[in-house]
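Listed below are the structures to be examined.
The same subunit A turns up in both complexes below, where it pairs with subunit B and then with subunit C.
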Partner chain A sequence: MVKKRLPDWLNSPMWSSPTVTTSPPPKSRSLSPPPPPPSSSNDDRYGIGSYPSKSSSVTSSDSSLNEPHVPLPPPTSIKQEPTPKTRIRDSSTRSVNSDNDVSSSIEDVSRQAQLLEEIINIGELRQLCLLGIPDAAGIRSTVWKLLLAYLPTDKGLWSSELAKKRAQYKQFKENLLMNPTSFSMILNVSVASQSEITRTFEVSASLKNGDLSEGKGLLERSKIPHGEHPLSLGKTSIWNQFFQDSEIIEQIDRDVKRTHPDIPFFSGDSASSKANQESLKNILIIFAKLNPGIRYVQGMNELLAPLFYVFRNDPNEDSLVNAEADTFFCFVELISGFRDNFCQQLDNSIVGIRSTISRLSQLLKQHDEELWRHLEVNPQFYAFRWITLLLTQEFNFSDSLHIWDALLSDPEGPQETLLRVCCAMLILVRRRLLAGDFTANLKLLQSYPSTNVSQLLYLSNKLRSC
Partner chain B sequence: MVLVLAIGDLHIPHRAPDLPAKFKSMLVPGKIQHIICTGNLCIKEVHDYLKSLCPSLHITRGEYDEDARYPETKTLTIGQFKLGLCHGHQVVPWGDLDSLAMLQRQLDVDILVSGHTHQFKAYKHEAGVVINPGSATGAYSSITYDVNPSFVLMDIDGLRVVVYVYELIDGEVKVDKIDFKKTSTATI
Partner chain C sequence: MAAYRADDDYDYLFKLVLIGDSGVGKSNLLSRFAKNEFNLESKSTIGVEFATRSIRVDDKIVKAQIWDTAGQERYRAITSAYYRGAVGALLVYDTSRHVTFENVERWLKELRAHTDSNIVIMLVGNKADLRHLRAVPTEEAKAFAEKENTYFMETSALEALNVETAFTEVLTQIHHVVSRKALDAGDDPLGLPKGQTINVGSKDDVSAVKKVGCCSA
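Coming up: the complex of A and B.
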């Protein structure tokens, strides 16, 4: 379907004014009577008791949905619940979107309702999150965990699943982050005494060589199991692996220190930022060790940062403490979708980054041929960073969290959504691109101007199978 | 987890042309944090080679060293341990435990590393431990012709030391280890 002209809605005056209407999701929800408040953080700030009456306001706005020029939901439906609405309006101010409080609050409510249910309908949750999750609600962490399939949809299973996963992470940490010296001490004990392996040697009955303070004579020599000595060049030697890994560990260390230097959460001298950096490093090291195929590639730290930030800022105490373990598994899930981008050998193949970039090009051609023809800039110059880092470097941190909401929640999958968002980014600045030449366009695209993110998400949603 | 290489009595080029190939293949830069050398290298080229393995190099003077600027003894602190270094030809009788223990008390160190006898030894006595890394090239000594090339790698981790002894016996590298730890209350 080749378009000679832009569709009318793209040219509408809507884009020039700050108010953008976000259409409430088309599906009508049936809000069941609220169950008792769960143990997790989704507290009843929103007034659980008022849910049944909200359903009427929601369904009434459903009808006015189908055209893009959706006016704000009729004020009458909102006046029914003045008190809770004002509370919601106060608490859900999004930095970008202060005009949309009214319509977005309906979504907040329905999201809360979703999360409160015992069995969460993932499809509905995805629909709700397509245009972003409100910052103030503190539910982003839980929602992302659900979207990344870390938490099962059945709420009853949450605590057992979480306990299992966290224990697994602890195991990984113990096995993989261990120092070869301590490992060889364990070997020593098992060889010497055949008793249960312990790490504390203060009792040291097994150390036949004893302390420095007693007796004299030749020190006893003992055999080394499996040729494990520090200079060993054997492939299976833990020392050799340790030294090989130390290169990667150094690189990870350097990259973590450079992540988001402007955000105090990640950088700076405070104890908390050091602890955060330590956690980021641990996650990346364990990931590199468990995946010898892709190891660590520069840029993974950028993908990890938003995940860790969101989980670490979870109002739920339990989640906050275990943020590292949760982030690890969600990171694995996230990367698995984009694995092929990081593998250098696959660069030119059909699943590699080159072909993804050409798909973006095709998408642009499909939606906006005029721009596609005009744009001489090879998409590799700008799209590479957009795609591999999931747009974390193009927008400020809070905006990129919103974009990730959309990326993670889209049922089509993050890869497809990402291409649509990139396409939307190009279309949004089309006027400047059409007016500019190669150099100006290249400059513009490599430092993408800040823009209204919900506008962007709305547009990318529109581009879906258009 | 600090790796310290104790090596010495190479006598290059007078008594041996080079380190054994198997030793050389194991000694790669980047793994070792400190090198302590008992002496008798003897020439600058060997000094440069050791320096390339690790920038932190400590040497004491052996009687055949061409560089006269090395000190007679040296002490350094690594982690919780104090190490002393001396070539050993000054301590008479050569290789005698009691005399070396005297030197150790003089230097006030936990671990004394000395050489000259070209034989690997690891002694323990009340004041501490004496380690002789032997000769890394297997050069003949004033005492004997029958010398196996050997050197020592210490892994210092908190209050424990694991000493790995590398010896070239019949053309094969044999590695043994020795464990000891220091009690923190010992007045050493």
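Coming up: the complex of A and C.
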């Protein structure tokens, strides 16, 4: 057992020199250990088939953090015989554009990712994805859907399940996305109380008709159901609900337009980016209406964007055209693991965002007490965004996809993994933090330097609770 | 960054907060003042962001530590920590969206609940460049500011109109408050050593920065 919590390698220049190489192929030469990451002579250290699994790091007597992990062979599986084209998995994990050789190796990659199995072993799949999923060939799209349990592990069930979900989404759209000025929308503001509201409206509509048929042309005020007029301040008023809805829709609209303004897929005036924005809006509005306890919270757009981007770029035509529906369900699943962070009522509870942030602080204390002592910056001032947005604003887009591979696949679950990655981020810049004052440190952490993400994930893996 | 080096040499450190509805341009006001930058399509602010800039006020170097917060209601509970120690606030609305002006009252209430009564507040009508879309008449806002006893200015972060003036005015007024306090504390002329940070709150996060003192106790 290692008593000292701060091994020497923490002070290695490797962690503090800001690596300008934002997206190099993750080969060991760019990492210059200590500690040497798993040897990569076979060039597939970051291939999804070869990273040491959690169990392997436990069993390989790796109690000392100084000791490099020894890569184990890929978990055995009938269809997982190594192929000579392992390099594709290596290079394609780093860059969206590196799709040379892709077509010929899609099958290899799929096989590595277990996607050719009839029944997918989700546990093995998780291990395979820990350090990243290839960007090419739509692998990530399928794997994320599996990891988020949107796709069943039994491939035989995929088509029926997808058909069911997509039909359901179509139904949501029809019911919840009406013209905002029509009564239909008001009638549907809350699924839970829908029937009640419908009844109320039927009543008032019949009253109105009655008035008109009598030739008065005016509604008799006394006959309007109590509290159901546009100026009503009552919380249960459907009009109040209507105005709140339009407020939320405007907010969603503003934020969707501000989602990744630097990426043409999301922004600009092209027809495709407009259509993509429309999809993001639809999903967020439907989510808000189906979840009246949370509705829309700023930042949800940032969590939605990676999912939609990945699914919408799936080379499979069927997946591509249904990206909006698929994204919706995966978003719901993703956010269900983090919804407490978005809930104002829980801010001060044991599961709310403040408590999550203090857990990060505790984690840092556990792994690097010196840094923890030195950091006088209230972690709320940087970690709030890190945690709420799952690191999507701290790294460039393709790097954040890689981080998400780890968040979604880690058997410890997204929240635990996220906290470990955040802790690793602090440790990676520990030298600068130790040298900096309040202002310098806050600026550094609010504008995190570009980093080799593979290195970050490697360190975060080392912080796994002992 | 070299531009920030000189920041270390200052007479006063004042913490300012930017508040107001989502999308009124708080972040752009900050980046215009701190870095002379404007971004037409900036990301929404989640949590808090932070920038500093030092300017000369009267004969003193004042370092402004400016906090920019998320606008949405949900984030207000969490952002209350950001008010701590603030001695100035820019309460921003969008001159082209009346609802953002209507909400100013709520912001003001929250601001006053979380800060010292001596805080210097300026009501700022941003996006004044959108002249054809104006929804809040200058007079209306001015009258409100007078009633609420706050300063008032219309700005355009896009056109760099009045941004410098607005921040400078707030910092100057804070400096006056500090000086006045120094005079008020005349019983004991040594009560307020020179070159210290004004701190009107209780224990605040600014205190992490060096040169902190407390002149309000």
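Following the convention adopted for this analysis, the second predicted complex is superposed on the first by the 292 of 466 C-alpha atoms of A that agree within 3 Å, B and C clash if a C-alpha of one lies under 4 Å from a C-alpha of the other, contacts with A are read in each partner's own complex, and residues count from 1 in each chain.
Assume a contact is a pair of C-beta atoms (placed from the backbone, for glycine too) under 8 Å apart; a residue touches a chain by one contact, two chains touch by 3 or more.
Treat the numbers as computed from the prediction; the structure is a model and nothing was measured.
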| item | value |
| --- | --- |
| Subunit B versus subunit C as contact partner of A:310, first or second or both or neither | neither |
| Touching partner for A:437 - first (subunit B), second (subunit C), both, neither | second |
| Which of subunit B and subunit C A:139 touches, first, second, both or neither | neither |
| Touched partner set for A:130, first subunit B, second subunit C, both or neither | neither |
| Which of subunit B and subunit C A:323 touches, first, second, both or neither | neither |
| Touched partner set for A:393, first subunit B, second subunit C, both or neither | second |
| Subunit A partner contacts - residues on subunit C that touch it in the complex | 4, 7, 22-23, 39, 41-44, 46-50, 52, 65, 70-75, 77-78, 81-82, 205, 208-210 |
| Footprint of subunit B on subunit A - complex, ascending | 179-182, 184-185, 188, 201, 204, 207, 209-224, 227, 229-233, 243 |
| Contacting residues of subunit B [partner subunit A, same complex] | 1, 3, 25-28, 30-31, 97, 110, 121-126, 128-129, 153, 155, 157, 160, 162-166, 175-183, 186, 188 |
| Contacting residues of subunit A [partner subunit C, same complex] | 251, 254-255, 257-261, 267, 297-299, 301-302, 342, 344, 347, 353-354, 376-378, 380-382, 384-385, 388-389, 393, 437-439, 442-443, 446 |
